[in-house]
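Next up: the structures, one after another.
Consider the two complexes below, in which chain A is the common component and chain B and chain C are the respective partners.
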Partner chain A sequence: MILLALGLRALPAPPPPKPLAEHQIKALYLFNFAKYVEWPKFAFPATNAPFIIGIKGNPDIVRDLSEITRGKLLKNRLIHIVSIETMQDHKGCQMIFIEGTDFPGIIHSLTGPSPKPVLTVGACDTFLNGGGIINFLKKDNTLRMEINLKNTHLAGLAVSSKLLAVATVKNNESNQPPP
Partner chain B sequence: MSRIIKNGLHPITYRLALRVLQTALLAITLSGNFPDSLILAESATVPVSLTNLAEELSLSQLGEIPIETVSTASRFTQKVNEAPASVSIVTADEIKKFGYRTLGDILQSMPGLYTTYDRTYTYLGVLGFNRPGDFNSRVLVMVDGHRVNDSLFGASYIGREFIIDPDLIDRVEVVRGPTSSLYGNSAFFGVINIITKSPADMKGVEVAADLGTYDSYKYRFSGGGSVPGTDLAVLLSGSYYHSEGNPHLYYPEFDSITNNDGVADHRDGEEAFNLFGKVTDHDLTLSAAYVARQKNIPTASWDTLFNDPRYETWDKHGYVDLKFLHQFDEKAELMIRTYFDDISYTANYPTTSDATPSGQLMNQDITEDQTVGGEAQIIQRWKANTFTAGGEIRGHLKQDIKNFDTDPLYYYADVNKTSTDGGLYLQDELALSTNLSISAGVRYDYYESFGSAMSPRLGLIYHPWEEGTIKLLYGRAFRAPNAYELFYPVTNALTSAPLSPEHIDTYEVVFEQYFPGNFRVSLDGFHYHINDLITLNPDTLMFENADTVSTRGGIVEVEWRHSSGIRVQSSYTLEQAKNAATGERLSNSPEHLAKLAIMTPLATKRLWAGLEGQYISRSLTLAGRETRYADSFCVANLTLLTENVMKGMDVSLSLFNVFDTRYAYVGGSGTIQDLIEQDGRSLHLKLTYRF
Partner chain C sequence: MNFLNHLSITRKQTMIIVLTSGVTLFLTCAGFVMYDRLMVRESMVQKMHTLATVLGNNSTGALDFNDTRVASEILSALQAEPHIVAACIYNKNGTLFATYPDQILRSYFPPLDPASFGHHFDKTRLTLTQPIMQQQESMGAIYLESNLTELSQRASQFGTMAVLVFLITLIASLVMSFWFKRLISLPILHLVRAIQTVSEKKTYSVRVPKENEDELGTLTDNFNEMLAQLEIRDQALLHAHDELEQRVVKRTRELRAEVAERMRAEKIMQGNSEQLQKVNACLLSLGDTHADNINLLISLAGNLLNASTAIYSRLQGNMLCVTDHWQLPLGYKLRDKAEGHICQDVIRQNSDKVILIPNLPDTAYAASDPNVLGYGLKTYMGHVVRSEGQVLGALCVVYQTDTRPSENEQRILGIIASAIGNEDRRKQSEEQFRQAQKMEAIGQLAGGVAHDFNNILASTMLQLNLLEEEPGLTPAIQAALKELEHDAERAADLTRQLLMFSQRQTVKMISMDLNKVQADLHKMLSRILGEQIELVFQPFPHPLWIEADAGKIQQVVMNLCVNARDAMPDGGTLTIAIHPVDLVDIPASGNPESRPGRFIRLSVTDSGCGMDEHVMKHIFEPFFTTKELGRGTGLGLSTVYGIVRQHHGWIEVTSEPGKGTEFRIFFPALSQTPEVSGEPHAPVVHHGNGTILLTEDDPIVRKFAAQSLRHLGYHVFECANSTEALTLWSEHGQEIDLLFSDMIMPGGMNGLDLAEALKQKSPGLKIIISSGYSIETSRLSVSWEDDITYLPKPYTVGLLATVVRRCLEQPA
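After this line comes the complex of A and B, so read on.
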């Protein structure tokens, strides 16, 4: 109000982004992944089945994602956020995020001779090599992402160029899923 | 909960509101920036809303957000508290870690609230108001938005007689403040909404066993999950509770040879059976609940024979509720609900009689309330507004109140009524700028029995700086005279003069601030004035709108959370509730309440300790009693919880009344005892197994 009265320009310069907790940034990213990836029809049991995101090892993200997705539709589907605890919990999810190193079991059951159309996201150096699709990495105290296109195609998913534009693309031919 | 209730603008409030509006409009005009949505502007100073950030930030911007350092990382996951009321929440995690066994235990830990128990029912006091003899009729209790208060006594139950097993609670939201502008009747002091767990929360089968002092045990069997091949998810649960109660209760008022020397021997037993089911499928939720609870009463209240095993109450409540909730897009939501409730109560009073050869007879209360209802609500966002509009209608198919002697059969009361009531409401929350919003709402209720009531509310929410909130709230609420007050023939006279509803006007100012280091401080000043309080005139023995009550007070809350999981919550409440006509303090109204709850992980993150306690200052007994005060006291409870001690098994050990404090609550008009002594220390062991 006072600035205007002094004749200074009305629009202030954009302020620097406020810091957020790591789990909040991850939740925002996950929400975006769901928006910018295409799943094949058979990834869902029914045309009006909900989109299910499973989170393993990070209850804060479950809470954050639940808040972000409340009342929203994704590609005309309701969104459910579930917490993955046991080996069975991830079945039915279209997207899974696994915090930490405990991912081989889940990745193994999703890849192999008949891969499932599930977008797997991790936060560990060996995640992509282990068969995962997107991995979070820290750079200069910010959170970035790397994506393995081969694993993406194996899962039958299509990624929007918007997502590829901000990711480090890895297409490592020597990636082999664990036996 | 963001409905605002506005009921009849008080002249001072009107001028204040006008002045604020004028200032706000001036600010908006000068800044040349009328917001057309609720999304944060760049200069926003509102606390973090992830939902808003998700809409605003692009992918590339996400990669530029600095990661917070660990010490402030676990900030409160606050919903942006834009609610035009004081909201307190207790989560399932806290229920587990503090060992809360009933809804009353949960409410007792919350600021401004206190509970009392007379070995029949548990009663809730809000901001100094807890008239002995009321049945929590001035608080609306809901389960997933389903009203639980009956239409005969307006009663809600918060002890073991409450319809939902606390293990099934996802969270309890207490909205303190007159909320009739959205919910109508009963939302006099506020609303308590119990949100139950979803089938996804249950995930598989769970069994629990809870064993404790006084030979008490509770077994629960629950299961939840989705039905393969469909979009259905189901949650089912059943539990059974039994307690011998305090086997040895001494009441000096009854100390005589014929009365077992004043000892009520094994007369405090209790039994409760709860069932709950929920089926969800996309937008539809079908839920059903049932409770049947029996209590033996040792106090020989209401002129019954002392130490008689036949004195007992039975309370049952069952309901079915079908809800449809659809989000059209980010801007609109529709809810339609229909339900049926059956609430019944029976009491057996063995009493003396001149008319029978044995000198005794059995008097019985039997009541039944059958209600069918429907409601619809629309929430619509438009520009900077969020409109909420809705209506409900209730048909009471049965309102039966009977009281009779069994042998010889003689009816003192045989009320059989039916009635209809309903309400319409409208509310708007308007974001005047990025840090100022105003909320206004009104509800119109119509009752066949007494006519209509209007309940308005107004609230101003302002964020003067980062992490700070100021709320100015005003509301008016009502309590309808219930079927008992309207139709029960207390004397042989004709039914009482037409009763009007009670009204409450509340003014509240709230400051809330989040500090670095994860502190939250909240200051709340309130003043409420109750008119037309329905009271039983002791001379005519008829109900009338007689009393007025006025209260002034304040609440201070300090909360601290640490990233390790340690949480400290404390509150202090000062409340001075007086009879406005005589200037006398109310009975059963402690002036000071202090509460502390500490939750901390021990050693590893799998072992937790929850310590919570309350200090309640002394309160006056009923007028004319020999003992003037119930003394002040301090009670503490400690719970140790291990999660996954073996896979899927949780074990908790709870010590209630750790210091074995002797304390008593004020007795009601039905008891000869001026004070009702409470239990000493007790120990409980609970095992929960998931598979």
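After this line comes the complex of A and C, so read on.
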């Protein structure tokens, strides 16, 4: 242990890390979201069904996320990253990221009389009001999140307070956080 | 530790208690502080670890989403923990992510080093670095730094507390030490003080106060007990010392007095030696004559003591009075009665000291004793005369002047009184010895004569009996034969009395009440004594048992009464009295056979003519009589004497001419009341048959005895001695039924020896022993008593027939 400590001290200091690109940060955050959100059991078709994350509108994120999740498990499940190209592609996903404003169709299919337990993440100012659950926004040149708790509850998902602590909580009607 | 040796036990005890409690407390506190410090440190580490874990967990979100603001907010919660002085969170790359407090420089925190994970204490702080983990994935690390204020505060509190406790304990131990002092050291100190007091003041009266009931209490008790014993011994020693001192003083005083007395005595002795020489010369000059010796001694007493009168009074009877310078007047006779009250008092007091009575006229003796005034006596000095412990009388010296005899003179009186006693006793002994020898000689003579007489009479009587039965005798011859037979019987009677005197007559001892025998005789006595003599019989109200031959006792009484009757020809009173007496001492003038014990006294008293001294000396001798010729045989009192001696008794006689005589006979009393035995049966005359071996050395007796036996129907073998008898036995032993043998026979084998020899050969043999003497009972063994029939000589044919028949009829 002493030798190991001396060895560590003998190594040269590591170089400062290179700043991540936004799509990389988003991909990382998407992966991290899954740690702080709890899905109901019926969200998965089988006990050994993979955790499927669907990405729409940003192939970089698909690539980055695939890179991040390689060899890893989420909720003790294999991770599948799918690129959503059509309205059918998002079916079976537990998390969906929609880049841009083309989200109402998907959101609509997920809500309605029988909402689906799918965590929807967007990057548009109207995403939350449009039925989305988490929305990326840039603040002080830093990528932050805002969460719609009502939509979260409607989707049957539970969000950890740790995630709430780092995000801005919002409802559909107003942008004020709940009391 | 040597310094402890010089400390007092109290200080040692205090020191031990304080040191022990102090060290114990110190070790306890130190251990507790160490333990507490360890526990506090552990607790601090644990708390820091918990804080780091909580903060780390809460920071995972901030780390995941790279939100330093949130991370800083999380760290700011540490404001609630004032001891946390610095904290930071490193991200996954080891870059400082968030710090606490806000104003702290980032350079304050060390770069993240995985090797330094864990906690570290230095002098002033505790640092903890631990990774932030999320689902087994390292998210970064958290670093916390705490100051040790709590630890030092706690140490300070503990220190203060320890000092307080130590002080309280010290006080408590001192108090306990004081208390223990009462329990342990105080009793020891008491003991030490007591020992010091005993050692310094040499007194054992101190006592150690007892404090408690433990071993020290026991030690105190034992020590006090030891002191008490020592005190007693000390006092005893002191007492003994004082007593010894007193005795030494007293003895010294006595020695001085003795020396002075001795010096005075030596002076006196020079004068006394002449007197003692005279006493010695007188004692050496004493001769055989009693009266002369007494006179010499009394004269010496008078001369030496320079007395005007000297009296020698005997206890009973006579009194010697000597006057005129102690020369007994010629022909002076002893007076019959003792006179002088003082002499009797001396005798009664029976003291070995001289009785000295001065101023006689002023005492009661002047009235009670005629000599006092009669002779003008002023001073009296007397000493008892005693011999072999027996009081005989008193030697008394009187003065017609007021005289104070010296001690030496008193001593001389005692010496002469002693010499008189010895002389008197010597005289009595000589007289008694002479009398006894005379009586013994007469008895032997009478016995020998009687034996020969009996043999003659036996043959005579047997021959007369046979002659009487001869046919054709004329009446004149028959009358003459009867007369001869009567004479022979009178002769036999005389012989029997002689034998009785010589104590060779058989006595048949039975237990009898002496009262009853006398009562049996009362009628006969009245007839013998006649009307002129009054018979007074005084029996004792209760039975008085003696062992005696009733017939012989009757004979004693009869003989005495006949003598009394003869002493009272003009009538008078005859008193017979029976009384028990207990003799403690031997009477002075009593019979030499008298002895202490319980006796029955038979006294026969008459009021007749009495006897003078000369007659009294001879009354028991056979054939001595004062009666007219033909009135008495002179054997009456001799018979009484012999019978009484055979009954182990003795006779005392008191007589005064003209006044009467008293005979007192003493028989030994039986200690227990015996069972009354039956009267012996009278013999029955029988003819018979059988074979008799007749052994008799006297040919005439043998001849007529054999003739009589054959006449009675028996077959008889005759022999003259034992040798012939044994020879005859060898031939005809089987036929012989009875041995009829004389007792005394020549040839060394008497009748008893022969009987014994034949009895061994034929145990069933019947035996009759005949003798002119009484049977020699001393030769009979006890086993033979029932097997032998005794037949005294002379005997008639009728008696012979009865004895032989009864003997043969006895079962074997």
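The rule is simple: the second predicted complex is superposed on the first by the 153 of 179 C-alpha atoms of A that agree within 3 Å, B and C clash if a C-alpha of one lies under 4 Å from a C-alpha of the other, contacts with A are read in each partner's own complex, and residues count from 1 in each chain.
Here is the rule we go by: contacts are C-beta pairs under 8 Å (C-beta built on N, C-alpha and C of every residue); 3 or more make two chains touch, one makes a residue touch a chain.
For clarity, every value in this text was computed on a predicted model and none was experimentally measured.
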Check: Which chain makes contact with more of the residues of chain A, chain B or else chain C?
Finding: B
Notebook entry, point to check: Which holds for A:Asn32: it touches chain B only (first), chain C only (second), both, or neither?
Noted result: both
Check: After lining up the shared chain so the two structures overlap, which partner does A:Lys75 touch, if you call chain B first and chain C second: first, second, both or neither?
Finding: neither
Next item on the list: Check the residue A:Lys162 against both partner chains and state whether it touches chain B (first), chain C (second), both, or neither.
Entry: both
Margin query: If I apply the document's touch criterion, which positions on chain A are contacted by chain B in one structure and by chain C in the other?
Written below: 1, 4-5, 14, 17, 25, 29, 32, 36, 142, 144-145, 162-163, 165-166
Margin query: Quick check: in the complex, which residue numbers of chain A touch chain C?
Written below: 1, 4-5, 8-9, 13-14, 17, 25, 29, 32, 35-36, 142, 144-145, 160, 162-163, 165-167
Check: For the complex, which residues does chain B have touching chain A?
Finding: 27, 30-33, 42-43, 48, 50-51, 53-54, 57, 59-68, 73-75, 77, 79, 200, 203, 226, 229, 231, 282, 327, 329-330, 333
Next item on the list: In the complex, go through chain C and note every residue touching chain A.
Entry: 58, 60-62, 64-67, 70, 93-95, 111, 113-116, 134-135
Item checked: Residue ranges of chain A in contact with chain B within the complex -> 1, 4-5, 10, 12, 14-15, 17-25, 27-29, 31-32, 36, 45-46, 48-50, 60, 63-64, 67-68, 70-73, 78, 80, 82, 85, 89, 92, 138, 141-145, 162-163, 165-166
